[in-house]
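Below is one structure. I have some questions about it.
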Amino acid sequence: MGLVGEHFGGDLRTRLPGFAAIGHNRYSTQGRPTLRNIQPIFADLSFGGFAVAHNGNLTNSRQLRHELVREGAIFQSTMDTEVILHLVARSAKPRFLDRLVDALQQIEGGYALVGLTGKKLIGARDPIGLRPLVIGKLGEAYVLASETCALDIIGAEFVREVENGEIVVITDDGIESIRAFPPRTASPCVFEYVYFARPDSVVQGRSIYEVRRRMGHNLAAETMVEADVVVPVPDSGVPAALGYSEASGIPFGMGIIRNHYVGRTFIQPTNVGRQAAISKKHSPNRAVLEGKRVILVDDSIVRGNTSKKIVQMVREAGAKEVHLRSASPPIVNPDFYGIDMAAKSELFAAIHTHEEMVRELKVDSLGFLSVPGLYKAIGEPVRNGMQPQFADHCFTGDYPTALVDHQHDESDKEQQLSLLDDV
Amino acid sequence: MGLVGEHFGGDLRTRLPGFAAIGHNRYSTQGRPTLRNIQPIFADLSFGGFAVAHNGNLTNSRQLRHELVREGAIFQSTMDTEVILHLVARSAKPRFLDRLVDALQQIEGGYALVGLTGKKLIGARDPIGLRPLVIGKLGEAYVLASETCALDIIGAEFVREVENGEIVVITDDGIESIRAFPPRTASPCVFEYVYFARPDSVVQGRSIYEVRRRMGHNLAAETMVEADVVVPVPDSGVPAALGYSEASGIPFGMGIIRNHYVGRTFIQPTNVGRQAAISKKHSPNRAVLEGKRVILVDDSIVRGNTSKKIVQMVREAGAKEVHLRSASPPIVNPDFYGIDMAAKSELFAAIHTHEEMVRELKVDSLGFLSVPGLYKAIGEPVRNGMQPQFADHCFTGDYPTALVDHQHDESDKEQQLSLLDDV
Amino acid sequence: MGLVGEHFGGDLRTRLPGFAAIGHNRYSTQGRPTLRNIQPIFADLSFGGFAVAHNGNLTNSRQLRHELVREGAIFQSTMDTEVILHLVARSAKPRFLDRLVDALQQIEGGYALVGLTGKKLIGARDPIGLRPLVIGKLGEAYVLASETCALDIIGAEFVREVENGEIVVITDDGIESIRAFPPRTASPCVFEYVYFARPDSVVQGRSIYEVRRRMGHNLAAETMVEADVVVPVPDSGVPAALGYSEASGIPFGMGIIRNHYVGRTFIQPTNVGRQAAISKKHSPNRAVLEGKRVILVDDSIVRGNTSKKIVQMVREAGAKEVHLRSASPPIVNPDFYGIDMAAKSELFAAIHTHEEMVRELKVDSLGFLSVPGLYKAIGEPVRNGMQPQFADHCFTGDYPTALVDHQHDESDKEQQLSLLDDV
Amino acid sequence: MGLVGEHFGGDLRTRLPGFAAIGHNRYSTQGRPTLRNIQPIFADLSFGGFAVAHNGNLTNSRQLRHELVREGAIFQSTMDTEVILHLVARSAKPRFLDRLVDALQQIEGGYALVGLTGKKLIGARDPIGLRPLVIGKLGEAYVLASETCALDIIGAEFVREVENGEIVVITDDGIESIRAFPPRTASPCVFEYVYFARPDSVVQGRSIYEVRRRMGHNLAAETMVEADVVVPVPDSGVPAALGYSEASGIPFGMGIIRNHYVGRTFIQPTNVGRQAAISKKHSPNRAVLEGKRVILVDDSIVRGNTSKKIVQMVREAGAKEVHLRSASPPIVNPDFYGIDMAAKSELFAAIHTHEEMVRELKVDSLGFLSVPGLYKAIGEPVRNGMQPQFADHCFTGDYPTALVDHQHDESDKEQQLSLLDDV
């Protein structure tokens, strides 16, 4: 619980002897944020110890959990990750890697996982590669990470991405690749480009910073308006705002200052914490805003709460006009693969017309990047409607996998397990 | 970890809503003393939540654990208690109580357990009643406890003991009794009389204090010697020393003072802690010892370390003679049902002749209560050699149950599971 | 805050380098029990660092504190000990020891203090030696302690008591003695014999255990009654009860069992804690009490609350008669030198007649040791009425020193300083 | 110790009843960072409780402390702030405000202090107003803060700055102003403009963001070079880099990404922590840097360590040329008023020629803003050499106050007090 730096200090190396280590920093979208739900999760299986952590969400974990509990499995946590552990434990296969493949073939959803046994470091991505996982090298040692920026910070060299549907096995003898699924076209989550990845990361060979700057270019081209200053909602809106300024010729200004030591809005684990975090996260820079026609650029609009507060703050600081621009298309469908967006009924663009949004946000104008504009910014001239290059269901409704738990949601309720208590 | 009072304060009632509660204070004789191994242990099973805690040791838990892990069970702890949880979880029976019976029929050893579901409070004793469990009543509420003194402290009324092989089920409708095993003669552990139970407890209708006083009477009759003062090793040796003084006419004196705020020697969980605890636990009362012929009365002699230190301390305080008396017979066999006595090779009386013991302890004489003397003190005129009234294997070698894990000890080693890490 | 063992573990030596150390375990009778009031208290004075801790109470500390604050002194705590530190800091004398003498000559009350500078370990007792302080030796090193039992526990040899009005200064060159006050007859607190000292300690050459046994002898002679068993209130009543049994011929029995891991009633720092502690501290041993005429022996009766609860408990355990005996005289006057007895209006014997006490306690008879009986037990045939051998004001009203703060209590109220907050 | 948010949660209001509160967040430049040295510091004085906290450094505190200790004062901390408390405590004046004035007239240096008594909230600035302090209003309540951005975050309205040499006293009756010093021209620290203040703060009526942008304009005019991109060292270098880009026409790019959850380099309290913090604080954004001629803009260069690391990082990310620009003049003299710059021997520009700096930093060119350029950016056309408008001694050597402690530094050493231990 808390920030990484509060728990892992300088003596990490001495406290954790061994040939390899895995760690995890998860905004728990399934399972309440309790001590029980901290990853990696470990078990002593018949072949030895096995630890696993994953990024993403399984879309059939509740159904699998029901079946496993009915067969006598005892769960330590409420995390979907633990399902993987039990499937490995119960597999009839004799070799560990066969058991792992057996387990992965039963789960649905989007995931990038890392695992550790006494001799093997494992990395795996789901069949369509929804969540990212990259391989780096530091001297002779291999490193797995979600983003390339993590490699840069420790001075490791980028090798390649783990491919969709690939399992990599790292041992003293080097790295080995296993294909456990029939070949499919990759469809990584488009939100890595829009919001998740850091601007200094490279995804599929593309600089996130440059992609976002191009989103700003395309956004300016699609939603131009006369104004005095282009102001980003920091930090995530900065590259798109710089792009907007470049394409429009309107000067760029840091009209909003981020209050440090308050985390990303998305990262606060409870709803109460989220409200509090919003209110203290940004301060207006009156010198940039007062008397000005302001184009405000954010990466996306989800529930609309943050946008409303920021618009109001900018107006109170004296802005004459406020034009809000979202560097991504309207979000009209929920995600089930690891983004905490909750129900469709909470998505601002899903439940309001354009006019209602303008009125509720109290802006002079509102513009979104189009889906083609988004694809072009990433470097894909045309979206392949039959098999989209990215998982863009939040904008388009095209979900790339089955949603087992979601479909059984109603009938499920009555069979719900008793809940584990908070610790 | 630590003392009960450090964890359970005055707001216990408000922190623990619900119709019933179970707790546990265990000197972990199996499984290292870590956070993972704190009882009760809980699981979310297919019929709902189930928590369990037990006093005693299972003698086939390692074998059962091996089998369960081979079938895919994932253990959270290294405690034998968790085996029970998994056996309940995997039982093919549909009703919870049938599953519990199913589980209990597979385990061997000595245990008194308490369990809790959303609606039932459970108590159970093993088929021969090795470990104690009593039923009390406080107003309309039933209470389960290991000893009657616990009932006295909270003002509850003693109802009866749970019988050997009995399962009691307490619900809103009252108490119900289940017999899961073929009838057998009870054979409770004789060490409750010798050491474990508190002097103000009543076991099988007998006052522990009176039994121990009679042990002192019989000990005096069997091992009389001329002396000036009878000195107990406090606190557990006090009743037997008072009995010895009464029967011998030699005055009683508190020649050893116990240093409070240092726990029972037996209770410190590591070997290092145990040594340190011994050295600070007792102080000599020179006024009682100096220039005197001292009869020192202790409840038992296990490893001999405590006795050596105390004899030396008494001598250094000026005693002219030291005659050590044990209010129980020589301990020559290890226990496997919940008393932490480790291997036979560590038992003082098992590896030394009487003369060696006298020499090592540096005493003027050494005397033990006889097995018949012990039985008589408890109120049994004769020990039934074919079916002893008590589990007295430590003195006699007659083990009342199979010792599965112990017999497979050697071959087991190579199949040993990797160990869970300390937390 | 809390028990010594919780704070000082095995690495004490490595954490505290230096040539000497002082420590303190105080039941704060002045100043609320907060972190600020933990002793020793340290200051960086013009000649270097000085730390001090003391046992006892100053009777003019409030007046001195007022004066010091009026002159600009800033206090860190609410303890009377800090007054000593400020008097040393402000003394006009150039040498440290002269400053210390200067300070001690200004304070009134009963104290035994230990102090530490970069080169000197100091011990001092007030002019009449109210509170105890002994010198021991461990190898070449000197040790100061309140009681001889502390020397025994660490294996140090008793050298002598620090005398009343003496200051001892221990340096690398050995021990030196300073006399800062005109010679006076010692008048140590009689409560060391009655209650404070441990039974294995030796005070003024007398074994506390033997003195208390003789109190029991004299108590039996003065307050004999027919009965079946003599039962101590453990642990402090045990020696007197053994003496009572010896003198009366009535058998001794442990009819009350002390529940360990609950501290001395006196030690719980708040009134609420004190009530709770009483209720869980003792359990009845029915086998000894049921159907019996019981003589209950306690060391003293202060507020009467504990006695009432114990008598009731003994009756509920089936005692036919209860005869309560106090091994000290009736306490009819408050103490101001370090015993937390609060106001006269709370002292049971001060506000009730003998008949009222019998009725309130619900006993069949009540007896106190007489003042002559107490003196005789200690070894003084006759109390010197002009200059009593002991500070016995609680029994007799003869206070051995001026009570400055107490006399100004009323007028003081309006000049009361604002209170420091709890930490 | 630690971040504000870790200690002050949502229940602050209920935990701190009272009419007013003061708090402090200090990077301790005097006195080691220990629990003892946490501000505010409180004392119970003869007129009641008084708490005080201050920003800045006293330049004669060591001398005053020596004198006070010699007169018998006992210090709780090693902070210079405590000197103020003792001077107030010892003042001969009868009224509190007179005592405070008395104390302030004895201290030298730069400070902004807040104080609290039972009825008064106090704010004070040193005679030349070195450190900032502003007054705000939230409803009927007055607020004191170092910067206007703190008022914005809580929604308070800016009223005015506390003036140099002014003491403001806030009570239930409103605000009152006291002038304790002869009138002097203000000379606030120029580093508020350069580095300390947040970009959204307003100091002396000037927007910090705009001042820094103009520093960038002037820096470009003074140190122009051909390049492909202007990259700020975030976050403090951003406004000047935007200004540089505007004035030069060279595009702005976020070539360095700040790793959040690692604090300001300056804020880590030990040297070891500072090194570690630097190495993880920034990441290169290769897409912006690779193959480019980069102008790197930072607010200032102090020790040169951070600059060296950043230049190296930018080169390793593929920059073809690196031109380093400092938005402030070379720092060639130490500060003694609250900026932790240590000795002259550690100041990069003080101990190196321009050529050496270029070589050590491994840059293609190096440029600093001139002192006139700095004054113009702030809005002062000409620096008044006789009485500079700002305390700019770090650049010019013109110290605005006496430096008592500094001058006595050598002879002082031998009279040094023993040090208080870390807690």
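By letter and in written order, the chains are A, B, C and D; residue numbering begins at 1 in each of them.
The definition used in the following text is that contacts are C-beta pairs under 8 Å (C-beta built on N, C-alpha and C of every residue); 3 or more make two chains touch, one makes a residue touch a chain.
Keep in mind it's a predicted model, so treat the numbers as computed, not measured.
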{"item": "Partner chains that subunit B and subunit D have in common", "value": "A, C"}
{"item": "Chain located farthest away, centre of subunit A as origin (C-alpha)", "value": "C"}
{"item": "Rounded Å distance, subunit A centre to subunit D centre (Cα mean)", "value": "38"}
{"item": "Whole-Å separation of chain centres (CA-atom averages), subunit A against subunit C", "value": "66"}
{"item": "Chain centre separation in whole Å, for subunit D relative to subunit C (CA means)", "value": "54"}
{"item": "Per-residue multi-chain contacts in subunit C, two or more chains", "value": "none"}
{"item": "Each pair of chains that touches, named by its two labels", "value": "A-B, A-D, B-C, C-D"}
{"item": "Complex contacts: residues of subunit A adjacent to subunit D", "value": "3-5, 10, 149, 152-153, 198-200, 202, 207, 209-210, 235, 238-239, 242, 246, 251-254, 257, 259-263, 276, 280, 283-288"}
{"item": "Residues of subunit B that touch subunit A when the two form their complex", "value": "42-46, 48-49, 69-76, 85-86, 89-91, 118, 417-420"}
